[in-house]
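The first chain written gets the first letter, and so on, giving A, B, C and D; residue counts start at 1 in each chain.
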Amino acid sequence: MWLFAAGLTVLSAGALLSLLLSKAPRLASWTGSAGAVGGCLLAIAAAIGVLWSGESAGATLAWEVPLGSLAVEIDPLAAVFIIPIALVVLIAAVYGAPYMQGSYHASTVGPSWFFFNLLAATMLLVVAARSGLLFLVAWEGMSLASFFLVLTDHRQESVRRAGWIYLVAMHLGTACLLVLFLLLGRSSGSLEFDQFAVEPGLAGVLFVLALIGFGTKAGFMPLHVWLPEAHPAAPSHVSAVMSGVMIKTGIYGLLRTVTFLPELPSWCGWTLLAVGVLSGIGGVLFALAQHDVKSLLAYHSVENIGIIGIGAGVGLLGISYDIPAMAFLGFAGALLHVLNHALFKSLLFLGAGAVQHGTGTRDIDRLGGLLKTMPITGGTFFVGACAISGLPPLNGFVSEWMIYLGVLLSVAEPARDANVAWAPLCVLVIGSLALIGGLASACFTKAFGCMFLGEPRSEQARHSHEAGRPMRAAMVTLAAACFVVALSGPVFLFLLRPAVLTIVPPGAREAAAAVVPQSLGPLVGVCVIFWATLAAVGLLSWGRRKMSSAGKVDGVPTWDCGYAAPTPRMQYTASSYASPLVILFRLLLRPRITLHPPVGLFPKQAGFESETPDLFAQYVFGPTFAGVAWIASKLRRFQHGRIQLYVLYIALTILVLLIWKLG
Amino acid sequence: MLWLLVAVPAIAALLSFALPWNGLRRVLLVLSASVHVGLTVAVFVEPPEPVLDGWIALDAASLLFLAITSVLFFVTSLYTVGYLAQEKRPATLDPTEAVRFANYPEAVFTGCLLMFLAAMTLVLVSHHWGLMWVAVEATTLASAPLIYFHRHPRSLEATWKYLLICSVGIALALLGNFFLAVSAKACPGESLHLTIAGLEQHASQLNRDWLRAAFLLLLVGYGTKMGLAPMHTWLPDAHSEAPSMVSALLSGVLLNCAFLAVLRGHSLLVKAGEGQFSRDLLVLFGLLSMAFAAAFVIRQADYKRLLAYSSVEHMGILVLGVGIGGIAAFGSLLHAVNHSLTKAMLFLAAGNTLHRCHTKSTAEIRGLFRVLPVTAVLWIVGLLAITGSPPFGTFLSELVILKGMIDGGRIVVAVAYLLALAVVLIGMSAIVIAMVYGKPAAAESSAESNPEASDTSPEPAWSILPPLFLGLAVLFLGLCVPRELSDLLHEAARVLGAE
Amino acid sequence: MLAISGIVQIVLALVLAPLLQSIINRTKAVFAGRRGQPWLQPYRELWKLVQKGTVYSRTTTAVFVAGPIVGIAAVGLALALVPIGGWPALLSFPGDFLLVAYLLGVGRFFLVSAALDTGSSFEGMGASREVLFSALAEPALLLSLTALAAASHSASLTGIYAAIDSGMPATAAGPAIFLITGAMFVVFLAENARIPVDDPNTHLELTMIHEVMVLDHSGPDFALIQYAAQLKMWLLGSLLLGAAAPFRFGSAWLDLLAGLVGLGAIAVLVGIVESSMARLRLVRVPQFLIAASILSIVALFLVMR
Amino acid sequence: MALWLDVILVLLILTSLWLLGSSRLRACIQAVAFQGIMLGLIPLLCAWPDITVRLAAVAVLSMVVKAIVLPGMLRRAAREANVRYEVQPLIGFTTSLLLGIVLWGLAMHVSRQLPVTMLHVTPLLIPVAIFTIFCGFLLIVSRNTAVMQVIGYLALENGIYVFGWAFAIEDPLLVEMGVLLDVFVAVFVMGIMIYRLSREFDTIETDELDSLKE
């Protein structure tokens, strides 16, 4: 525990120092990142200690505020979240030091590091907090720190707008959490987690509150609207942290809430599952339609959160129908995907940042051919792309596969429970996961292909340069981590076991624990295939190099069906690559196409633009806010300057009160 | 002791009317403010005896609000000194519409300021309905010239509205007092004076109907002064036209005094067993005020009016909390403290902004971070604090009030409360973010042309240290509520029969 | 024993896969009234390509070279999981068919990336269509296999296909099996780029999907790609066969023979389809694939009613 | 003495109606002054025959203030701004009169809610007080010139004092303080304000004062 405390202290120290030193940006950024690295190392040590020993460490101090106490505890569930958080923050800090200096105004460096370390500390605190008030304070602190980080580059209108939307979304989410905690603590009168109790019949309501409150942070559709705005706006290492781990605190909150709700009705599980499916498919579809690589990645966060939601939903259904395989593998898959998504999504954001750093643009349609100039960035980005598409032999597959397996094992069970709606379950889980996987690989062949392959589509792309050494080191580390997790899959079954068992209600624990050996074999099988794949590829490419020495012709133009002088402008663009899919799903995506067709015999110019604004932002939230503003504008008539009216209000008030209250 | 509390500022006021030198006058202002703080500390340390056979006394509630008043006045007096030092006289040209206007003579201003303090202190310590009413009326009279300081036509209009509306309100309060007297006739034995203690002793024998009617009148009357919708109409005008430190005092202190008056009425009804009657009314007016304020905050074109409407909202929160009762009452007293500090800070920040940018329009101010870095930080901190986000005290108090609602099972009220808070947040944050961030706007650059706007000199200490202090205080209250304070709050809530 | 059976199957696949190609061609030739190419033509072509040198565009990078290699590796490893004729596969565990599907996905991912690597607009076009259609085909395949798993109460391919035997269609799951066969046949056609989804030997690049992606590959690279395609057909064919014609004759060798014959029959069927049907318009293809998914969903509901 | 009290109360009603009905500022000022005198008489009648010196003093003081000082001040203000008539009220004079009748009904209704059993005074008193208050409100709301609004405010206060005098005899201090404050409000503040208004806007039509809104 003291390790963790020390970690928090180091983080806060780094924060304050970098704020004080903000006059000297270079110094500030070094202290800031050093603080982040040190603090995160300590936190990781603490978490590993807990996972290793298996018993959770905690401490409680008094806090001189109403309802307050500083109760902190690291149990397996918390540890499972602390590790990715600390890891990603650590790597992002290493990456961020040169990145901030490279591409941001000197005056913003110090404050941004202050908020970065603050964000790290509050995220860790959120996961470790055991008292409602402490949790809420840390939670809001996290939101605010990230809010200021989003506003780092506040000269742009879009960034300010993003910051505002983010602030509003976070606040609305938190409102639900306030009610949730107060309702949980109502019977005991205190907000300590261990004294929470559920009044009968309230479990469903509480679950919905948690789903809205935490889902806003996690970015479940349709509460995701802040996400594609805020993540592109922030500096890339911050986007990596936000998208990689910060939104996962929402998942953590949801799972933690589930541990407070023993008797969940089964519709909760179905709801979560449906939400997950919506976010998964919707997220990847909107990602396909994006031109800006960072908003593409942001929508993919929505997609992956959806996958996690599907896993958690399967787990919940497993609990409420008591099917151990679904319960264990669903939650295990979800938790593992939390880790995996943290790894490859932050990797991808760092890659995007390196590209922006090296070319000065994020527009996929203006990039291309970067693999030649930025090999390391490109290579690691490719690894990330494969991983997020859930391809073997990478980590993304393992977690998705666990979720699949949970359903499969229970479906293939000879004595499967007849009163579970199996067919819809299979369609929802397996069908949508398969669709998501296919669409994701479509999206990332587009992203990687159009950014790094082919010919440069613009001058910036042609004159790109590789990122600095620390940035490359960060990306390589993450890419390596993706492989490590994938190739040591079975180990995680055991690492996640205690965490999953904390979520599963006590009654079902030993049954759930019995799933581990049952699913160990398959996982080992998968790993064998992984190793074999790597070996086979290695062998083949070795052999290929041996033979290709003979008669190799190099440096000719691409065979373009007889056309000898292809120009970069003739390449297939990202938009055209995605357009068949966009058109197929136009009902959902509603792309806006503005076309200036060539006219006349010798057309001077022609143009084609397509953009895909967010469905919910445009058709749900926008109108709502506009409606409120309209009502307000009507109410303003009330006060239009005439003192006679004002006195009239007083007279009427007292008159009405006298007649109503005394009558 | 208690006499001194009122007498010191009053005498100082007379002195400052007399004194010929401005410099000395400013010294006097700060001096008397600090003496007042000292006296407050003294009465806090050892409670003094009631004087004037119980007409003037000091219970926990008085002490609480006295402390707020004293501290806020001291801080603003520091700001005032700096402000007066840089105010140009005689006549200046209004940059927006070409109207010449000349400030009041400083003697009158300072004098009224101190008189204002005396009156407010009297409101807080008076334990006699009539005396309290007189004191409240006196605050109106003392503050009117303060609002009219700039002698600008618009400030004149504001003052006129302030005077007339508040006088009407106060007249109703007087009628309320008479009704109290009538209801007191019901109880046998010698006719009792309208002292708070006296009435509360015989509360059970008071005549119900007259008592209820009296409460209605007191609520509307003092509610007008407090700025409860729909009687709040004077508030935005006065706050927007008054000099900023005066707005800070109006919002941070004066409204609290009126709130205390309303609370006294409520506690009397509670003691008389009519608690439900007053609670319902308080909840009603609380929600009404929050709703109105929310509607006017959205796309508000004038940042001082924005702050004024947010004051209306918070007054709503205060009475709402008291109306809910239980722990919420404690919460709303705590919230009174937090709101006073935060709002005073915001108004001082607004003052700095107005002084540098020469406009109150939220649309014309952009990129404050370039022009006034510290003030910009104050704006952001103020935004977060006033919208009740941690780690600021307002979060705690609003949370406690919400807890009161949830525990009491007032789900509908809780939902309305949260909705109103959310709308206010959305409206305010949109405005403040636009003001603080981004590039300085065209209006700003045009203001660059005229000499005294173009100075990018660092902000003077007098303009940033007082608000910074207040901000730190709110932050501190968010991180830790000292035992003494929470005891005082509980005691006050108990005295007022709200808990 | 188990290991041996698996190895036997893999060897058979590696040796016989190109033959399916020539069977299809012969069938089409018969329908066209020609004599058709010799049986071993596909082998000859592969050998010829291996002999040749390779041409690399100046645009391309390592990804271009990696494409074919990863493609063949992925399909090869997938073969190790797929049983034929009721024989147990080399490696088998619950949920292995997901791994098969995703391994094919890996191959596709690299092939598409290689296509984009050339920077040619035609290959980009092909790639975009390929990812679209495969994304739509994936749910159909996995849902049908899930339905089989549910029907046969087993989660591994070997288990599933061991459980499905000639008796199965008679049982309650019979109609479901029938639908699944239909769905899987559509997937088979789409994944192997056959008519009506794609026309392997048209000469209009604008209309091609799979073929146009590999325009720039040459020599051994192209050989690998072709061979990978043939192996893929073998693999999907045996998945389809296991569901469509689960004939069992008691003796393992007879079963295996039946499996091989069945594959040949599928090839003939494909040939017949290709010579009797025209290619669908590109905009119709998605509906074709979605129809397949719908078939499999209906099958799911039938199995677990 | 109850008879005389009733007479006075009736006179108060009539003056209130007169205020509502007339458009000439001068007349209205007269009416308020008259009300002031009536007001001064009430306590003497209530307390009859034992009138303490103190009571008498307060009564006289209030008469002086309400009947001489304030009207004088108002006249001066009106002269300053040379307005003779309330030109166009928001609510016409006839309408105001009709409204006055309605208000009378309301006043009766409200006062019926309040038990007067333990108060040994004429039952007419409470409705009259309330009615006068309502009339004051109506004047403020419906008139345009600042002077008329002040007059309305005074009428409102008069209503309150009718009440106060009748019931607060035991605790005359309340009333005394009220009276003193009247002096303050009226003379020192409203006077100055009206004066300034007339200077700044060279009119005291308050409908010009609507630049502050929303």
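Just so we're on the same page, contacts are C-beta pairs under 8 Å (C-beta built on N, C-alpha and C of every residue); 3 or more make two chains touch, one makes a residue touch a chain.
Here the structure is a predicted model, which means the values were calculated and not measured.
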Going by the touch criterion stated earlier, list every chain that contacts chain A and also contacts chain B. D
Look at the interfaces A-C and A-D and say which one is made up of more C-beta pairs in contact. A-C
Could you state the distance in Å from the CA-based centre of chain B to that of chain C? 78
What whole-number Å value describes the gap between the mean CA coordinates of chain A and chain C? 35
Rounded to the nearest whole Å, what is the centre-to-centre distance of chain C and chain D, using the mean of the C-alpha atoms as each centre? 100
For the pair chain A and chain D, the C-alpha centroid-to-centroid distance in angstrom is 70
By the touch rule stated above, which residues of chain D touch at least two different other chains? 113-114, 137, 140, 149, 206, 209, 211-212, 214
Where chain B touches two or more other chains, by residue: 160-161, 164, 168, 209, 213, 236, 296
Interface residues, chain A side, partner chain B - complex: 63-67, 133, 136-137, 140-141, 144, 151, 154-155, 157, 160, 163-164, 167-168, 171-172, 175, 178-179, 182-183, 186, 189, 625, 628-629, 631-633, 635-636, 638-639, 643, 645-647, 649-650, 653-654, 657-658, 661-662
Seen from chain B, its contact residues with chain A in the complex are 160-161, 164-165, 168-169, 172, 209, 212-213, 216-217, 219-220, 224, 230-231, 233-234, 236, 277, 281, 292, 294-296, 298-299, 327, 330-331, 334, 369, 384, 387, 389-391, 395-396, 399-400, 402-403, 406-407, 414, 418, 421-423, 425-426, 429-430, 433-434, 437-439, 478-483, 486
Residues on chain A engaged by chain D in the complex (per definition of touch): 636, 639-645, 647-648, 650-651, 655, 658-659, 662-663
Tell me, which parts of chain C touch chain A in their complex? 50, 52-61, 63, 65-66, 69-70, 72-74, 76-77, 80-81, 91-96, 98-99, 101-103, 105-106, 108-109, 112-113, 116-125, 127-129, 131-132, 134-139, 141-143, 146-147, 149-150, 152-155, 205, 215-216, 219-220, 286, 293, 297, 300-301, 303-305
Residue ranges of chain D touching chain B (in the complex, touch as defined): 113-115, 118-119, 133, 137, 140, 146, 149, 153, 156-157, 160, 163-164, 167-168, 170-171, 173-174, 177-178, 181, 184-185, 188-190, 193, 196-197, 200-201, 206, 209, 211-212, 214
